[in-house]
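In structure tokens below, several structures.
What follows is chain A paired twice: with chain B in the first complex and chain C in the second.
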Partner chain A sequence: MEFETIIGLEIHAELSTKSKMFCGCSTEFGGEPNTRTCPVCLGHPGTLPVANRKAIEYTILLGLALNCEIARRSLFHRKNYFYPDMPKNYQISQYDIPLSKNGFLEIDMGDYKRKVGITRVHLEEDTGKSIHVGESGRIHGAGRSLEDFNRAGIPLVEIVTEPDLRTPEEARNFMIELRAMLEYLGISDCKMEEGSLRCDANISIAVDGVQGTKVEIKNMNSFRALQRALSFEEKRQKEIIIGGGKIPQETRHWDEAAGVTHTLRMKEEAFDYRYFPEPDLVPLEPDPQIVEELQKSLPETPGQRLDRFIRKYGLPKDTARVLVYDKKLGDFYEEAVAKGGNPVAIAKWLAGDFVGLLNEFSIKVENSPIGPHGISELILLVERGVISGRMAKDVLKEAFQSGESPAQIVSRKGLSQIADSEEIALIVERVVDDNPQAVRDFLEGKEQALKFLMGQVMKLSRGKANPTMASEKLRELLEKRQ
Partner chain B sequence: MDLIEKDALTLGRLIARREVSASEVVEAYLNRIEKVESMLHAFINLSGDLARRLAAEIDEKISRGENAGEFAGVPIAIKDVLSTKNFPTTCASRMLENFVPVYDATAVEKVLSAGCVMLGKTNMDEFAMGSSTENSYFGVTRNPWDTDRVPGGSSGGSAAAVAAREVPWALGSDTGGSIRQPAALCGIVGMKPTYGLVSRYGLVAFASSLDQVGPMTLNVSDCAALLGLIAGHDPLDSTSIPDEPEDYLSELNGEIRGLKAAVVKELSGEGIDPDVLRCFNEALDTLDACGVSIEEVSLSSFEYALSAYYIIAPAEASSNLARFDGVRYGFRTDHECDDVWEMYDRTRSEGFGGEVKRRIMLGTYALSAGYYEAYYAQAQKIRTLIINDYRKAWEKFDVLLSPTSPTTAFRIGEKIDDPLTMYLSDVCTIPVNLAGIPAISVPCGLSEGLPVGLQIMGPPLKELRILNVAYALEQSLNLNMRPPI
Partner chain C sequence: MVISMEDVEHVAKLARLYLTKEEKKMFKRQLSDVLEHARIISGIDTSDVEPTSHAIPLANVAREDEVRPSLPVEEAVRNAPWSEGGAFMVPKII
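For the complex of A and B:
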């Protein structure tokens, strides 16, 4: 039997408009429950929706960035179902005529690329948030449920992919690519932990080219969870098939703690949403001129920026990826490069030590105590030989802690490295005299011994010796001894 | 001076000229209500104290020479389907028995800011579903012409209140005839404006694509005035028309000589009570005498209008009424429930009346997977045919005519157990809502002591034209109809 894993994704992203989709309430995250509400988003009798122009623009922008066709005439529909976090018991969404459809997004898997079809991108409103009090944590069996409608009515884009993904890794990479795209367009905060980016997946196993039964998985709250859930499900389905069993069509729930999926509802229990055109709203007819302007206003995509970083700055792909897939880090990088310093060195420092320190101190790029100017300064200090790379590491960490500029730290601590050849010669001579065994080893052809001797030089100079100069002097001296 | 015999325009002028105070006017109407309300039950909630306070404030403003609004001190009644800030809005349903909105409907805000004084919220069929006002949780309203009979519906409370002079005018809402049919049955003037002319913001939705707020008045001039007050673009209603409305009142002159009218064959033959037809035909003679040419036109799609309406309206209603679930406001079952689903079931079973539940079921069915194409989609096609039939008619005719209702006011209880017969009460008015055009019902005589209404339909936004036809007819007939109450 030959297996092929078939995966499609359905992604929801909250748009970062100032006001909600159909009323003037603030979209800001958090806040006392039910304070960012009004009669419209609470579904009071007699209220009517008025569509948010900016949200429509954002959706068109995303459609264009995903190479979609933009509808000349699009409709809002009502999706009817009862749930206590939905004030009207219907969600204003889009059905058969979404704002955009038929696009694609290419993902880079390192040794190959995959073009993933985008079925549709549509606009809808978010629901409120339920907290179910009780053992299950779900609505069934809840002792009581608390509702917060602050989120109700926030504009939400839904992105549906074709079943073009073949591995859980591809699914994860797709999400990274898409999140970066949303970030680059500046239309969503993309915070999975705050729920502003959510993803459901469909997965089936084709056997010898014959399509399998599709299973939907919900409740994956991080990219890692997405990959884990899909890997689990891939394995589970294959085992059933190998065991001669049949996969039922169902929706499964990912249990992050247990690392398994379990049945949420069977196909027969699927809702009939009774979609019909929303009579309270007029059809959306995007002005072709505005669509054209939006097309022109499209910013550089993450893929384009990656190419540029590699081409223009000569960065290795891996380093470039780290910078590009965090837009703010990419922006930081370009600012630092503009201030001066070798672009490859800056990239290496940012993707390495800098990101490490951000994580260590749990700081976001935009709040970094050392700015692009500081990083440029640090790299220039190394390039000019004022400090060594080793010293630069300490200076960077110090800068994170004290908030001083690298130059300030270097001068305060008297850190500038020894680049005086006389002084270095003295240190090297002393190391050679003090370590006859290592010298012998080297002379017998053990290159390893040179590293040890260099270490001793750095130790003696308390890290201040210019490594290039010291290394040259050391060889010179050893060759004389031969 | 018998204030309750005056129309709203006259009252407005008298108050503005300080010939009478707002308080005197309000007191006169509250006295009238005191006298007849127990026989009629036109109101669900009265706002007498509030009205007295407001009238006193208006009088003070006027005495200081301040502008208190175009219709300062003129009493008004509001159908209880329009949201009124800090005052109960029940939709005649147990579901909203104790519901107090936090905002005013746009139409309400407009009449209040013109200085009108609300005397109360009027009775109606629950959530505006019905043609007799018998479907009210709070009990039936009686027709001032014969209290054993219904006032029509669903705006039966507003119609009865105006006919009985409990208020000079009132606001109603019309989804399939809910202003025009009760206006006809109570012998007053009622108009459904072009869809989108009056904001629906704050009108508790029955069928969003059909609902319109409109005036219910003693005569055509008041109708023009009240329409002028409530018409106009509202940014809170996306379906609201952006155009500036016409000046209905100042251009109301009854000049209709040379207009071309046609009687709609499908709405004025079979199924129409012969005596209603007699009244209608006499009114046609009067119009003819006014210089209007009258032909007959057949609009064949109208045969299916009722069927289409009873798919589309319930479908939209099934969705619109989903929000009444006991979670955030309104009625919630007292019963101990195992989970939220049981709470929904019990709340909605106990909170809604029979007709509302029937329509929710009908609409849910029509929208269900596998039935949508056969019902909802087909009904929309019929709707398009009706729109096209009207469009063709406007190429030849300025206005179309029919009786407003196939019968005069029927007896309470006569049709309530037979929904299909009841639904036929709106057979003449429904095509107008499906096409979104304006229509007015104007009294055209009595049949066995009960009022008969004539419906004048016009092209979209031609309210002024149909008002002028109605005005000319009213002036020529000079009926001076007055219920015995």
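For the complex of A and C:
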């Protein structure tokens, strides 16, 4: 039996408008329950929704960035369902004529690239939040639910992919690519932990080219969770198939703590949403001129920036990826380069030690105590031989923790390395005099002895001797003794 | 098309409306009129007519992205039969 894993994603991203999709309530995250509600988003009778122009523009912008066709005429529909997270008993969404469709996004898997089809990008409103109160704290067995509609009505884009993904890693990379795209377009906060970016997946296993039964997975709240859930599900389905079983069409829930998926509802329980055109909202007919302007206003995409970083600055791809797929880190990098210093060295330090510090202290790049200027200063100190790479590591850490500039730290602690050739010569001579055995070993061809002597030089200089200069001087002196 | 008083009372109950006798009478007549209107319309042959989602020839009505004041939370939950800490409370869902 030959297996092929088939994955498609359905992604929801809250748009970062100031006000909700159909009313003027604030979209700010958090706040006490129902403090950001009004008669429109509470679904009071007699109220009328009015669409947010910015949200429509953002959706078209995303459609364009994902190489989609923009509809000349598009409609809002009511999606009816009986669940209390929407006060109207329906969600305003789009159905048969979304704002954009038929696009693609290419992902880079290192060894190969994959072009992933985008079925559609549509605009809708987010739902409220239900807090299930009861014995278990989970939805099953809850005694009652508390409804907070602060989130209800926040503009939400839904992005549906074609079933073009073949591995859980590809699904993860797709999400990384898409999140970066949303970030670069500046249209969504993309905070998975706050739920402003969410992802559901469909996964099936084709056996010898014959399509399998699709299973939907929900509740994956991080890129890691997405990959783990899909890997689990891939294995589970293959095991059922190998065991001669059948996979039922169902929706499964990812349990992050247990690392498993379990049945949420079977296909027979699937909803009939009774879609119909929203009579309270008129059709959208994007002005071709505005669409053209939006097309022209498209910023550099993450993929374009990656290419540019590799070409212009000569960065290795892996390093460039670290910088590009966090837009703010990429911006930080370019600012640092503009301040001076070797672009490759700056990139190496940012993608390595700097990101390590950000993670260690759980600080976001925009809140880093050391700015692009400080990083540039640090690299220049290394380039000019004032401090060694080893010393720079400590200076960076200290600057990161204290906010003091690298130059200040170096001068305050008297850290600058000895790059004075006469001073180095004195130290090297003394080491050579004090270690006749090692000198003999070296002269007899034991390269190892050179390392020992270098160690003694560094020890004597308390780590401050410029290693390149010291090693040159050492060889020079040893050759004289030959 | 005439609806009964029981229909009116049933719909009112579903909508959590408490109607007086006069109101019930009025709604019985009005709802009957609405259904009668729909009955007449449904008699028209529309096999050659494209479905109409909107009756007025208008598109692209939108507002600027501006925040306006929300309701005070006590106002927001005032009509709710049950609420707790500003949240609407509903019976168990599943």
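Observations on the structure shown:
Keep in mind that, in the parts below, the second predicted complex is superposed on the first by the 443 of 482 C-alpha atoms of A that agree within 3 Å, B and C clash if a C-alpha of one lies under 4 Å from a C-alpha of the other, contacts with A are read in each partner's own complex, and residues count from 1 in each chain.
Methods note: a contact is a pair of C-beta atoms (placed from the backbone, for glycine too) under 8 Å apart; a residue touches a chain by one contact, two chains touch by 3 or more.
Model, not experiment: these values are computed from the prediction.
In the three-chain model built by superposing on chain A, chain B clashes with chain C. After overlaying the two complexes on the shared chain, residue contacts for A:444 are found with neither chain B nor chain C. Counting the residues of chain A touched by each of chain B and chain C gives the higher count for C.
In the superposed model, A:39 lies in contact with both chain B and chain C. Look at A:479: by the touch rule set out above, it reaches neither chain B nor chain C.
In the superposed model, A:50 lies in contact with both chain B and chain C.
Legend: residue contacts after superposition of the two complexes on their common chain; A:145 is shown touching both chain B and chain C.
When both complexes are overlaid on chain A, the residue A:282 reaches chain B and chain C alike. Looking at the shared chain after the overlay, A:18 reaches chain C, while chain B stays out of its contact range. Once the two complexes are overlaid on the shared chain, A:89 sits against chain B while remaining clear of chain C.
When both complexes are overlaid on chain A, the residue A:131 reaches chain C alone and has no touch with chain B.
Within the superposed arrangement, the part of chain B that overlaps chain C, taken from 2-10, 56-64, 128-136 or 272-280, is 128-136. Residues 39, 42, 50-51, 84, 87, 139-140, 142, 145, 147, 279, 281-282 of chain A are contacted both by chain B in one complex and by chain C in the other. Contact residues on chain A toward chain C in their complex (touch as defined above): 17-19, 23-26, 32-39, 42, 50-56, 73, 75, 83-84, 87, 130-132, 134, 139-140, 142-149, 277, 279, 281-287.
Those residues of chain B lying in contact with chain A across their complex are 82-83, 89, 91, 96, 99, 101-103, 105, 200-205, 207-209, 235-239, 315-316, 318-319, 322-325, 327-329, 339-341, 344, 364, 367-369, 372, 376.
Chain C meets chain A in the complex at residues 53-54, 56, 58-71, 73, 76-77, 84-94.
Of all residues in chain A, only 39, 42-51, 78, 80, 82, 84, 87-90, 139-142, 145, 147, 272, 274-276, 279-282 touch chain B in the complex they form.
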